[in-house]
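Alright, structures below, take your time with them.
Both complexes shown next keep chain A, but they swap its partner, so chain B is in the first and chain C is in the second.
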Partner chain A sequence: MKLKTMLLATALVGALAGMAEAQTAVKIGVLNDRSGVYADLSGEGSVIAARMAIEDFKAADRGLKVEVVSADHQNKPDIGASIARKWYDQDGVDAIFDVPTSSVALAVNQVTREKNKIFIDSGAGSTDLTGPQCSPNTIHWTYDTYALAKGTGGAMVKKGGDSWFFITADYAFGHSLEQNTADVVKKAGGKVLGTIRHPFPGSDFSSFLLQAQASKAKVIGLANAGGDTINTIKQAAEFGVTQGGQNLAGLLIFITDVHALGLKAAQGLVLTESFYWDRDDASRAFSKRFAEKSGGKMPSMVHAGVYSGVLHYLKAIEAAKSKDAGPVMAKMKELPTDDPLFGKGQVRADGRKIHDMYLFEVKKPEESKAAWDYYKLLATIPAAEAFRPLNEGGCPLVKG
Partner chain B sequence: MFELLGIPPQALFGQLLLGLINGSFYAILSLGLAIIFGLLNIINFTHGAQYMMGAFVAWMLLNYAGVGYWWALLLAPLVVGAFGVVIERLLISRLYRLDHLYGLLLTFGLALIIQGLFRNQYGVSGLPYGIPPELTGGHNLGFMFLPNYRGWVVVASLVVCLATWFVIEKTKLGAYLRAATENPTLVQAFGINVPRLVTLTYGFGVALAALAGVLAAPIYSVNPNMGADIIIVVFAVVVIGGMGSILGSIVTGFGLGLVEGLTKVFYPEAASTVIFVIMVLVLLVKPAGLFGRNA
Partner chain C sequence: MASVSERLSVGGARREVVETAAFHRAVFVWIAALLLVAPFVLYPVFLMKVLCFALFACAFNLLLGYGGLLSFGHAAYFGIASYVCAHAAKVWGLTPEVAILAGTATGGALGLVFGWLAIKRQGIYFAMITLALAQMVFFFSLQAKFTGGEDGIQAVPRGRLLGIVSIADDRVLYYIVAGIFLFGLLAIYRMIHSPFGQVLKAIRDNEPRAISLGYRANHYKLMVFVLSATLAGLAGATKAIVFQLASLTDVHWSMSGEVVLMTLVGGMGTVFGPIVGAAVIVTMQNYLAHLGAWVTVVQGAIFVVCVLLFREGIIGVLARKLRKPL
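Let's turn to the complex of A and B:
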C-alpha cells in the first residue's frame, strides 16, 4: 500500500514538474462555513472574492495556473482539520484561505504548520493565531479581537461609557473578545460590572439582557457574533434597553448582520471594521463587481480580506519564483502589501497583517439613501495603533 | 429584604416571566408533536422546519403581498398546514405499517431538504420582521419591563393550547380522534373516514408549528436554521411530558421554560443543557414520562 502511494506520488510529482516548465499550477482552498451562522459573511462570497483576485492578478498571463476549491467546515474544528489534511495530502492544495470560527482556524493553523503549507486567515478573530499559537506558516489578515476591542471599546469609553456589562458567547472567540475589550476598558479607567457567558449558539437573550439592565452598566458589550448578536440587538430594542439610557456595543458586527437587522433595529450602533464597500472609489468599484456575481449582496470585510490575501499570495509566488511555503512566506513578509481595498500595509513577523481600521456608526433609516447604505465613518484608526504591538502577543517567532 | 441565593426577588420574578414566555413556544410546538405522535405514531422531525416555514410565510406575505401580522397569524398556519396535508398524503401515509424508524428518517430528511432550500434562497443571517404596531412598546411592571408583544405571546399560546386540549378531550370530534388512536379498524367500521381524520390531524399539528413560527417571527430573526435550534429541546419536552400526552406536553412545555429561565440566572452556561439533564432524570425514574401511561 505504502509503496503504491509512493509510486503514485512520484508519478504525480513528475507530471507536475513537466507542466511547471510551461506554467506553475497553484491550488487554493477556500475553507469556511457554507451553511451555518457565518455562511453569509464568509461562505460562497469568499470563493467569489478569491476568483476575482486571480482574475485581477491576470494570473494566466503571468504563467500561473490557479485553481480554487472550496469546502464547508460546519464550524467544527475536527471537520476543518480533516478537510485541511485531505486537501494538503491528497488534493495538492498549496494554501488555505478564510476559515472563520476561531476554534476551527486554530486547528487548521496546526495542520498547516505540520504539513508546511500556507494558511491565510480572513474570517476568524482570535488573537492567539498571532500570539502563543503563531506559526511561520500562518498569516492573520483581516481583523482580530484586539483590533475590535481597541476600536469599539476605546471609542465607547471616550464617549463616557466607563462601566461595562458583557454578554459573551461561551467559546474561544467570545472569551478572547471579552478579555481584550475588558483590558481596553480598564486601561482607559473604566470598570467591568459583570459578565454572562451564554451557550453558543443561543436564540433567546432576554434573560441576559434583563440582568444587564439590572447591573445599571452604561455600556452592554456584546462579545458574540453573527446570529447571536442579531438576536441580542433585536431583543434589546424590544426590552427598551437603549431607551433606558444604556448603550449597546456590538464588538463584532459585520455588514451582513446590519443588513439582517434592518436599520430600524441597528441604528446608532458603533462598530469597527477593516473594510466598508462605500468608503472610497476603489472599494465601490470592487464591490459593484462583487455584487454582480453574488446576487446583489455587498462584500463583507471577510470577503475583502480573502481578495486582498489571495492577491498578495500570488504576488509573492511570482516574486519568489516558487510556490513552496518557505520562500513564499518570506516574500509575503518582505514585500509591503498594497491593494485597492486595504491600501498600504505589511505582514509582521508574527503573521499579523496590519492596515488601517475604521470606526463606523450605523445610519438612521432616514439617512440611508440606497440599498446597503448603512455606515458613516467616525474615525480612522491608523495601522500602527490598531493592532496589538508586536512584542506583547507572546509569539515565539518574535525575538527580543 | 429577602434574597434567594444572592438574586433579588424582583429579578427572579422577571426571569420567571421570561421563562414562561419561552415555555409558550415549547408548549405549542410540543403539543403539535404530541398530537401527531398520538394519532399517527410518527415522530415528526419536520416539525422544526414547519415552524420555520410559518415564520417565512409571514415574512413573504408582508414583503411580497403586503399582508400584515394579524392576517399572517391566520394565513401562514393554513398555508403550511396545507403543505403538511400534501406531505402526509404523498409520503407519510405510505409508512404507517412500517417501523417508527422509517417515519423518523423520512421526516428528518424532509427537514434537511426544506432547510437547505430556504438557506439557498435567503441565506443564514435572517430577515427582519417587525413587531405589529398595535403591540409595540411595553409596560413597566415594577420588577421588570414587559414588552407588550411578549405578553401577547403568552396569552395567545395559553388560549391555543387550552382550546386544543378542550377539543381533543371534551368534544365529539376529539372522541373520534382518541378512538381512532386506540383502534382504527373498529372506528372505520362505524363509518368514520379514518384516513381523512389522520390527514387532517397531521395538517393541524403542522399548522400549530407554523403558528408558533409566526408568533416567533418578531422576536427571533426569521432564518432557515431557527427550527433546527429549537426542535431538539422540544423533543426533550415531549419525552419528559410523556409521548403522545396532550396535557403532559402543555404543562411540561411551560414548566421547562420556567426551569430554563431560572438556570439562566443562576448558571447561564448550563442553560442549553439543563433540559436534557432533567430528561435523563425523568427517564430514570419514570420511563414513560411524567404524564405518560405505561404501555
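Let's turn to the complex of A and C:
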C-alpha cells in the first residue's frame, strides 16, 4: 500500500513536472519601421499580424505562452543591430520578425547568426539574405527583389510588353533592380530600348519621363523605391504616360504606396506582390479581421508575411518540442508551409520561403467599387518559377 | 562662457587653477571608476554605443566649444572612418587596432582637406561649406563600390586584438572601447589646457585681437579642425568594430545634426558636457525605441526645452551651480 502511494506520488510529481515543461514561454520580437517611410507597410500592422497568428494557432491551448515585443529600428542598421542584440542578450527574445530595409535586415541577420536565434524576414527585399549572406538561422519569407523583377519583367513580356525603358535610381540598389529585370526581360524574348539614371533621392522626374515617352517603349520600368517611385508615378500621371498606351511597371511598390497615391495617379501601374487582401475568401476573411484591429487599413503583403511566418514558426516549435534555434529551423525547413494567406509552400535550404507570386494592375478610379479595391489580377507566377533557383544564389549552405 | 579662473586676480587665479585641476582629476577618477563598474550593471553593447557617441561629441565640442567653429558636416569624418575601418578589418583582414588606426587616419586626412577649404570662410558660410563637403562624402559613400551602397559593409569581424586576444566577447571589447574613450577624453583635456588651447580660446573670443597679438589664427583653426576630425574618426572607426557594420547612417547629415544636439544638450564648451549629452540622446534612442515616431518628437522637445531654459546645457548649468568649470 505504502509502495503504491509512493509510486503514485512519484508519477504525479513526474506528470506535474512534465506539464510545467510543456508550458513553453516563447518571446517574439517584431522589429520594423514605426516612424519612417515603411511605417505603413510594416509598423504596427506587423505586430497586429503577429498577434493574430498567435491567436489563430491557439498557442495557449497548445502549451505555448507567446509574448510579442516590438521596436522601431528607424531604418538605421546600427539601431536595428543594437536592439536585436539587446533583445537576444537581455530580454530573452527567441525570434525576430519583419525587419524592412535591407541594410537593417542584413545587420539583424548577422546578429541572429552570432547569437544562434531565429530571424524570419518579411519586410526587406535584398536577395543577399538568401545569397552570399545566407544563414542557417534566417528565413526570408514574403518576397525579394528577384521575385519582383521576375514577376513584373517576365509576366509583362508574356503579355506583350516586350520593349522596355528603365528609369533607375543611381545607386547600387537601383542598378541591381534594373539589372535583374533587364535579364528577365531579355531571357523572355523582350528587349531593352534604353535606361536613364536619376540622382538619388530625386524630386523632378519630368525630363526622365519625357525621354521614356519618346523611346516608344511599351513598358517603363521604375527601378527605384519609396519616395522616388511615388514621385515618378505622380509625375507620369501628369504627363499622361499610361493614357498614351505605355505601361508603367513598379519594381518595388506596395499596396500602401498605391493607397497613398490614390487611383487617379496610380491607375494602370503594373506590379508584383505575393499577397492581395481581395484575392480569395481566405485572404478576405483575414483582412477583414485585420482591418478591424488596424483602424480600417487593409494588410500589406509584409503584414501577411509576418502572420504566415509566425504561424509556421509556432508550428515548428510544437513539432520540435523545443524552442532552440537548431531543431526549430530544421522543422521549419522540413515541414511544408500551409496557411490561408499564401497557400502551400516550403522553406528551401538557403532560407528562401517559396510560394506563388501575382502580377497585378492598378484599377482605374471608375473600376474600383469599394475602399481598398485597387488591383486586378493579370497573372499568377507559380512558386517554382517565381524565385531565384536554389543553385544560382551563391549561398554557402546549398553546396553542403 | 568665461571660466572662473579668468575672472579672478592673479594670485587667486593661481590657487583657483590648482584647485580646478585637482577637482578635474577627481572627476576623471570618478569617470574611470564608473567605466570600470558599468558593464556589470548595464548592457555592455549599449555602453559601448554611448562611449562611441560620447567621444564623437567630445571631438565635435573641441571644435565648436573651444574653437568656436560650427561644423555641420562632422558625420563625414565619423562615417568615412567607420567605412575605412570596416573595409580594412573585413577585406584586408587587418587586426582591429590597425583597422581603427587606419580609419582614424582617414578621418584626420579628410579633416585636413575639408578644414583647409572651410576655414577660409566664417560663420554661416563655414557651416555651409562643411555641410556641402559632407554631402559629397555621403554621395561618394552611396556610389562607391567598397561601401556596399545602402546595405553598408556588413559582418565586419571583430578579430583579435594585436592578433592575440579575441574581442568577440562584449565585455572584453567594452574595456577596450572604454580605454579608447578615456584616451580621447584625456587628449582633449590636455589640448584645451595647453598653451595651444589658450590661444584657441583667444581666437574664439576675439579673432582680430589674437591676430594683432601675432598669432596665426588660421593655423590654429586648421589644427583644431584636424584634431577634431581625427578624434571623430577614432569614434567612427571604433563604432564599426563594435557594431560590426558601417552604413550610410554614419555619413548622413542627420548624424551631423545629432552630434550638435548631443553637444548642446550636454553643454557646449564644457569638458564633460558632451559625454552627458551623448548618454542622454543615446539612452533615449535605445530605451524609447518602442515608442516609434515619438522618439524624434521627444528629442525635439528636449532640444527646445534645453535651448529655452538652460542654454549652457546640463553640465553647463551644473558648473554654474557648483561655481567650478566642468
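Everything that follows uses one rule, which is that the second predicted complex is superposed on the first by the 315 of 400 C-alpha atoms of A that agree within 3 Å, B and C clash if a C-alpha of one lies under 4 Å from a C-alpha of the other, contacts with A are read in each partner's own complex, and residues count from 1 in each chain.
What we mean here is this: a contact is a pair of C-beta atoms (placed from the backbone, for glycine too) under 8 Å apart; a residue touches a chain by one contact, two chains touch by 3 or more.
Because the structure is a prediction, the values reported are computed rather than measured.
Engineer: Let me test your reading of the model: by the given contact rule, A:90 touches which partner, first (chain B), second (chain C), both or neither?
Structural biologist: Once the two structures are laid over each other on A, A:90 reaches chain C alone.
Engineer: Once chain A of both complexes is superposed, is A:103 in touch with chain B (first), chain C (second), both, or neither?
Structural biologist: second
Engineer: Determine, under the contact definition given at the top, whether A:160 touches first (chain B), second (chain C), both, or neither.
Structural biologist: neither
Engineer: Kindly classify A:63 by the partners it touches after superposition: chain B alone (first), chain C alone (second), both, or neither?
Structural biologist: neither
Engineer: A:234 contacts which: chain B (first), chain C (second), both, neither?
Structural biologist: first
Engineer: Just chain B (first), just chain C (second), both, or neither: which does A:214 touch?
Structural biologist: first
Engineer: After lining up the shared chain so the two structures overlap, which partner does A:133 touch, if you call chain B first and chain C second: first, second, both or neither?
Structural biologist: In the superposed model, A:133 contacts chain C only, not chain B.
Engineer: After the superposition on A, what does A:268 contact: first (chain B), second (chain C), both or neither?
Structural biologist: A:268 contacts neither chain B nor chain C.
Engineer: May I ask you to decide whether A:170 touches chain B, chain C, both, or neither, giving the answer as first, second, both or neither?
Structural biologist: A:170 contacts both chain B and chain C.
Engineer: List the residues of chain A that touch chain B in one complex and chain C in the other.
Structural biologist: 35, 39, 170.
Engineer: Which residues of chain A touch chain C once you look at their complex with the stated criterion?
Structural biologist: The contact residues of chain A facing chain C are 34-35, 39, 43-44, 69-74, 76-79, 81-83, 85-86, 89-90, 102-103, 106-107, 109-110, 126, 128, 133, 170-173, 200.
Engineer: Of all residues in chain A, which touch chain B in the complex?
Structural biologist: 35-41, 170, 196-199, 201-204, 206-208, 210-211, 213-214, 226-227, 230-231, 234-235, 238-240, 244, 256-257, 259-262, 264-265, 297
Engineer: Flag every residue of chain C that touches chain A in the complex, lowest number first.
Structural biologist: Touching chain A from chain C are residues 43, 45-46, 49, 142-143, 148-152, 154-155, 170, 239, 243-245, 247-250, 285-286, 289-296.
Engineer: Quick one: which bits of chain B touch chain A in the complex? Just the residue numbers, please.
Structural biologist: Touch residues, chain B against chain A: 11, 14-15, 18-19, 21-22, 116, 119, 123-128, 130-131, 138, 144-145, 147, 149-150, 219-221, 223, 225-226, 229-230, 261, 264-265, 268-269, 271-273.
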